[in-house]
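Both of the next two complexes hold chain A, though its partner changes from chain B to chain C.
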Partner chain A sequence: MKIPKVGIIGIGQSHFKAKRQDANYPELVREAVKLAMEDAKIDFDEIEAIVYSLAPDALLGIGNAERLGVDAVSAKNKRFMRINTGGSTGISSLAAAHSHIAAGACDVVLVAGADKVGECGDSQTILNKIWDPTYERALPLGTINMLAMSAVRYMHKYGMTEEDMAQIVVKNRAHSALNPHAHLRELTSVDEVMKSRMISWPIKLFDACPQSSGGCSVILASEKYIKDRGLDAVWITGVGHSTESYYLGDRMGKHFTADHADAHALSEACYKSYKMAGVVDPLKEIDVAELYSPFSNTEFHAIEAAGLAKLGQSPKMLSEGYFKIGGPNPVNPSGGVLCTNAIAVTAMVRVAEVALQVWGRAGAHQVKGAKKGIASGNGGDHQFFGAMVVES
Partner chain B sequence: MSNHIQVGVIGSAQVSPANLNQASLEEILNTLTHAALKNAGMTIDDIDGIVVAACDQLDGRAISIMAASGSVGGVGRDILSTPSGSEHAFILGALRVKSGMYKTQLVLSWSPLEVDSISEIQKLSNDPYYHRALPQDDLSTYALQAGVLESEVSGVRESVIKFTQQSREKGRVAYPNISATPVQEVQIRDSKMLRWPITEGMVCEPRFGAVAMVLSNQDWIKDKQIKNPAWIHGMGWATETTYLGDRNLSDMGSLKAAAHQAYHESGISDPKSAFDVVEVSDPTGYQALLSLDGLGLCDSKDWRDAVHSDRFSSKGSLPVNLSGGATSFNPVFCTGLLRLAEAANQVRGCAGAHQKSGVRKSLGHGSSGFAMQYNSVVVFANLPKENQL
Partner chain C sequence: MELLTRTEKWDITYRHALGEVASWFYTQIRDHKKIYGKKDFKSNRVLVPPRAFSDETLEPTKDWVEVGPEGVIECFTIVYQAFKNLPDPPYAFGYVMLKGADTAIGGYFKGIDLTDGAKAAKQLAIGTPVITRFAEKRVGDALDFWFEVKE
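Moving on, here comes the complex of A and B:
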């Protein structure tokens, strides 16, 4: 059956930084909401439901911290629920809000959240607690060494080098320098990346995302609401999610269920969203991509999962300039997760940035003529994946 | 919900193992999933998407949904999580089917397995600067709410004691092996005071439990010739404001808003006469009575007469919590989804020993958070909404 169209009518995001000691957690949420409401030019009375985007409570040190955010999103006596799928929470929240509207339950839904990862102490200590307490937590696993193992596998399988990874960092920093909302905005070089501190081979400090603080909010509305009021909007035309196994051991060895080098479930999520949006050839049809890649190596398999390169071909295409602003298939023109990672909203920012691109409102990092884009989010232990196609 | 797709509950299952040391969480969830799918006449291949509700703090995992992906069949599927409440998982599952993007959904939630102190976990939900030191856990907030009712409703304590006694009697039928005690009014009244005015006898010790429900659209129900779906006629959900100090604890604005949404969608103008059975949130009898008031089913001035008659019994005019409610079986966190499952099961005619005969329409109410911050209401019926088919 035909899925009702759902539009984006407002976007707000913080200027992300390591720490925001000028604002507490609910105030950060409110900051993003206020910006989105001003962008949409609607009153709070118009908001019928709120989907609250909040990843692990432990990063904030507050249990069910969404309860503290109720006032920040003006939700009193309104429909309200929280979504958490780890790093993909932001795009999962948007998917949940999309369901609110597509089901006909609401015309206008506010999606909002914030995080203070830069003030949590040590995010890797917290994120170690995502793993099974009996089998994998004690290794000890963190999200960095988890994806370092993916990098090693990708190197073995496709011949990626550490210099290839560094080229991703150089590209994304060049992009983030143009994005006033990005956290890390300084240009860098392959040499500087290669000399940065080794964290978990082959991932070095500059290959890794920062711990960011800030908020994001996106307002969705039904086609009828948008047309009746003559609002400016861009459209979510594709939504897809898929999931991999919990145990990393299931992605390794001779009998893996999915190769840890690749992003099998991300590919499924992307192609679900393409199918819904009617995208047949993403390489030709997708003008811009914001792909959740917290480490430089993961951008390669994300690009391939999104159908913008064949398996193992993205390092070569990167060197040929395919994925930079001005190239044939710009990826992460905002600078991506590698330059900004406020976990609760990171995947929402991906959708927001694609929306701004196809809206023609991305500013200095605008991809010229962008009309159709894809955003993705990854959560859990590289386990939950979401994708959205957004069109003008 | 205004589009033409109708959603029904076609399967459900509950587990509450006697000995948790004999099964891991994954094994329990896998068993639960198989049971729910079997009840729906399905295999996992028939499930389009999954919504899970679990609490990181109670589970001791930073993203508790992760453990569920394999055990509930999430690998290769669309799986989301609503940690704000188990009842929210049901709401989102129904919305996803209603959206037309999914034919079926599996919805499930579970309570904690091995927590040293649920109270200490709950205190972490207070803001770290102003309220965490109070200390305030769920029971404290229920007691504050009960205290307001004590000051506003004459004789409420005796009504609560009677209601609790009746719930325990119902629980002995519904869950004979695990239902809480005491069942005598004097013990409920005179047992140890936990948080004034709530006594030990008024509450039920938490116990592990897990609940799953299977939802589908009307085409699936028709194609598979499912005989006894519980059709969702209406849903509502809403939240109170953040801080207790900003709320009137005896006036459940969010519950009234949620009920209004659900009744409006269901076309119900007189809720008092609309339902054959209701399952309401009841962390204590105070909250149960307050819920009945907020739902428009029994005003506070009528509580005394209602509990001293048979109105809330299976033979009464408004059967309430024939399952015994959470005051009889209390799987913390998933009690909201359990209320919805019990209400749906009554319509499906598969509630078990506490089944009321001839149930055509039921109401399920779940709540979560301090002093019932979140409230969700679902109206189930044995027939689809005529004007939409």
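Moving on, here comes the complex of A and C:
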């Protein structure tokens, strides 16, 4: 079955910061929506449905905050649904909007959300609550130490060092310094990363993403709508999602289907999106990648899952300059999640950034000549994965 | 202009039912200092911690299989940062494949000097043999046991 093309016609994102004292939650959502609507140059009457991107309630501190968000996206008398798959919420929301259009149910769908993680500043305490109270809640699990354990396994399996991890931070900070929307924008060095305080071995402060506040909105439309109105657009040509089972302990030892060192289900998601987009050799065909990586070490297994390096080879390729702007396969030219993480919209920003790249509108962090890119999102306990191919 | 804030706190208590499988598992730990997994006969995997059904075959698990107390470290981390409502650092924890099990179970690693992270990390390397230790006073909880590196 040939899936109809779905276009991106408008993008809006905040200048992400730790805190936004000047705006409450719905005002922040509204900020992103206004920017996306201005970008698309269409009226609110044209929007037929809204997919609302909102991660775990406690990060924001408002139960079912989509209720508050309804007014910020002008959803009165329209289809409205909230999506939550944790960190991958933003890309899951875009996939739901894509399906609305691909199925022929709607011509124009608005995707929007915001987060104010910085208002809590205690995200690991909240994220400890995503673990099963029966067996694992008594342990001090959080997303940092969960992915520190992935780093330990990746180190054991492939020989990654703490310095390799630091090199990811140095690259991404060099990228984010060029991106006015990024939260952490200061250049850094391997030495500075190595000297930053240890959080959860081997992840140090500089290896970890910040807690960001800000919003993002993306407007999708059908090919017919775009062509009939002569609108400027880039195209979502591939969509893939895949899920990993719940227990971390099932991803190690004997007989496992996925190693916690790697990102097996993310790879499945990427290759599903490649198949739909007709991408055969990602290393040659993908010009730019925005891969969800909240910690330095996870960018390595994300790069490998996206087929931009063989398993265990990405640290060496990073040191050879493969993944920086100007290299053969730039990864996270925006600075990525490592520099900006407003959890509810982070995975949406990945797609938005790839779209801006293939549109040629990324500004100072533009990857020259980018025509085709991949974006990804990870959520849950390294569990819910989404990927999208976007092309000009 | 002056920008105002409002402080809110969530403090909610839940009393979670553990179900028949986990209740039996914890009772054995509490009363007999023994850890059991449950076998999925279709895939032949012994699931630890035990689950009522297999995520791979969706079949109900059947026989109880005693596992451990020996095992090997499958992964670990050592936490040096304090987080609100979580234990005071430093502490080490991770996952151990107990003898006879096919999936790893989480627990603290104790008896290691954590002052030097890199040094402690070497002592907790993947594949290191460990032994399960049980608390003197057990309540039927995941914290009734922990792991120590085998001498």
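We adopt the following convention: the second predicted complex is superposed on the first by the 389 of 392 C-alpha atoms of A that agree within 3 Å, B and C clash if a C-alpha of one lies under 4 Å from a C-alpha of the other, contacts with A are read in each partner's own complex, and residues count from 1 in each chain.
By our rule, a contact is a pair of C-beta atoms (placed from the backbone, for glycine too) under 8 Å apart; a residue touches a chain by one contact, two chains touch by 3 or more.
Just so it is clear, the model here is predicted, and its values are computed rather than measured.
When both complexes are overlaid on chain A, chain B and chain C end up sitting side by side without clashing.
Shared-chain residue A:Leu139: touches chain C; no touch with chain B.
When the two complexes are overlaid on their common chain A, residue A:Gly249 makes contact with chain C while staying clear of chain B. Of the two partner chains placed by superposition, A:Ser273 touches none, neither chain B nor chain C. By the document's definition of touching, neither partner reaches A:Gln167: not chain B, not chain C. With both structures placed on the common chain, the touch criterion links A:Arg197 to chain C but leaves chain B unconnected. Number of chain A residues touched is higher for B, counting chain B against chain C. In the superposed model, the vertex angle chain B-chain A-chain C (Cα centres) comes to 80 degrees (nearest 10).
Contacts of A:Gly61 after superposition: both chain B and chain C are touched. Contacts of A:Ser176 after superposition: neither chain B nor chain C is touched.
In the superposed model, A:Arg79 lies in contact with chain B only, and not with chain C.
In the superposition on chain A, contact is made by A:Asp122 with chain C only, not with chain B.
Nearest C-alpha atoms belonging to chain B and chain C sit 5 Å apart in the superposition, given in whole angstrom. Looking at chain A, you'll find residues 58, 61, 133, 245-247, 250, 257 touch chain B in one structure and chain C in the other. Within the complex formed with chain C, the chain A residues making contact are 21-22, 58, 61, 122, 124-125, 128, 133-142, 144-145, 148-150, 152-153, 156, 197-203, 245-250, 252-257, 260.
The residues of chain B lying in touch with chain A in their complex are 1-3, 5, 49, 55-57, 60-63, 65-67, 69-70, 74-85, 88, 91-92, 94-96, 98-101, 121-122, 124-129, 235-243, 246, 253-254, 256-257, 261, 369-370, 373-374. Listing the residues of chain A that touch chain B in their complex gives 1-4, 24, 26, 52, 54-58, 61-71, 75-86, 92, 95-96, 98-100, 102-105, 126-127, 129-133, 239-247, 250, 257, 265, 268, 272, 276, 379-381, 383-384. Listing the residues of chain C that touch chain A in their complex gives 3, 5, 8, 10, 14, 16, 18-19, 22, 43, 45, 47-49, 55-56, 74-81, 83-87, 91, 93-95, 97, 101-108, 117, 120-121, 125-126, 141-143.
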